[in-house]
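Order of writing sets the chain letters: A, B, C, D and E. Residues in each chain are counted from 1.
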């Protein structure tokens, strides 16, 4: 195609790592020949991501959009994360497009280094998913039911013992 | 009818079994004379299923759509599964069509073999439900209130003792 | 009126009692002179009811629609029931019509007979509510704030002691 | 204005007190000179209120609408109340109008008399809110951040100690 | 630009502090040269904020809107706060605009003074966020992933140890 793939990123000032940085790095490495351009919009927190993603499609004419966020460890934060995810579901329905949600929960990591590795691994793997959905979704079907994980190692397909 | 029934499947790379494989096998066995064709789209996880199902109707012109996914055992996974199901509800409303949701919770099985049998049984039985809804829904009314179960054995109708 | 009241029923194969049977029997008894016809559509489970009810209005041109379902006793079933009810809320909003939801929770009954009596009582009483909403809603206002219950005995209005 | 303010009330047969009665009495007392008329529609339970309120705007052309309901004390009742409130949120969005939700939880009261006083106080105070929103919303801004409560005594503004 | 930035505030009589007062003060201090005007609408509680914010965009033609509210400490209050936030998500989707939600939970503070400081800090910081989103969103991207907090001190970016 002679049109650049327009990849939209929505991220937050609340998160504690530059998730978009990981995603861009991964896309550059894994898809070096892809004609692409990036649009990045930052909002305060996860609850602001849904409408921003919708605007990335409707206002910024992106071809695929990713939503990056961190959910804090307190109960009220969990509720916020849930509301944010429902907002993203609404945005998908109204935009009629995929939004690849990359959320990290602050209490997922055993320590700061472990948490950072989750941020990085999940952002990188979902960046690949986003590009594949936009360009070559059948590649994902080869991996259907294979127990893939983002943030941690893949767990694999169940085997009959 | 001289038009093929177009059956759409949305599944995930997160799940740990090829649920669509079970569904196709069951449809071939139970409806050998049905003129049909399959459209399969794979996404990363359950939260991506809602809009994919909507696209299977609107973009791919399917006649009936199934959503296959696995929900992990941690609390955050349960929340994701809930968000995914609400997204599927939204998709149904906007597409004005049924989406047969086939979700397996990773903690439903007592062991890997048991979990696999749930994957298989639920996928097979709901594949039949999907075809019946699209072709002959009155067959289901014969079974109304009969305590049918997918994934486990049917429990049956309540009896006055 | 010289037009028959068209009453739509959506029910499930998952439920363990023929709730629609109770409803039809009650309507025949309580409104013997009402010109009416019934449309019944069965789906697998409660999460399929929302869009079916919407279709009963939009496709089948019903005048009033009831949704009958049973919610299992496990935590995952409770979540399904919640999602189903939210789907029904969405359907009401988009159809701009009432949908009388008749849900029984499997753990409401002390035993099978008690559970069956709840199925019957709730189905019968809500069938009357459905017909009144469609034909004579002001009858319900006479009962406003009176502590009516479906499935159990009415609890009545609070009294200043 | 020479047009009467049309006030819509949706209430339920499930509640255990005549909340609309309190509201009408309060409006008559507090706004004796207001040209007004009342439209009252009763439904079975709280989950029926959302679409009824929407119809009070769209079908009955009300200028402001209130939703009165009681939420039972069991876990399943709490879930119903939550679903009802989300339905009311949807109705507001689609009608593009306020709906003053007056919900009393059956377990709020220490005894029947206390519960009744909550029914009365909350219904009365929110009736005033409803009229002000429809006629003179800037009156509410004078009370912004003042810790007002309906059902109980006002708690007041926080003071730096 | 020669058009004034129109900033909408929705707040409540339920809250126990004048959050809009803090926001206006902060905007005056941080953006002294900005041509701006304020529109303030007060509603009873947090569940009334969603549609009010939508009206602030559609009826009052604001350029950016903030929603200020306090969520009480009881379980029922938490549920109300959740419903309010979902209503705000719906409003964002339908208005296709950001709504900066500034919610304080009454149990966040260790005492009244601490709670007041949270009200003030969160209102001030989010007021800046709101203006930046409306006028210069790229300023927020400089702070992406930096662990910013409103109501408390910033926690900062994660460091590999």
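For the reader, a short list of remarks on this structure follows.
The rule is short, and it goes like this: contacts are C-beta pairs under 8 Å (C-beta built on N, C-alpha and C of every residue); 3 or more make two chains touch, one makes a residue touch a chain.
What you see is a predicted model, and the numbers here were worked out from it, not measured in a lab.
The fewest steps needed to get from chain A to chain D, moving only between touching chains, is 2. Bringing chain B onto chain C by least-squares fit of CA atoms involves turning it by 70°, to the nearest 5.
At the interface between chain A and chain E, two copies of one sequence, fewer than half of the residue numbers in use appear on both sides, so the contact is built from largely different positions. Each chain gets a centre from the mean of its Cα atoms; for chain B and chain E, those two points are 41 Å apart.
Chain geometry summary: the mean Cα position of chain A and that of chain B are 25 Å apart.
For chain C, the set of residues that touch two or more other chains comprises 82, 86, 90.
Residues of chain E that touch chain A in their complex: 78, 81-82, 85-86, 88-90, 92-93, 96-98, 100-101, 105, 108, 126, 129, 133, 137, 140-141, 143-150, 155-161. Residue ranges on chain E touching chain D, taken from their complex, read 11-21, 40-44, 47-48, 50-52, 54-55, 58, 76, 79-80, 82-83, 86-87, 90-91, 94, 111-113, 115-116, 119.
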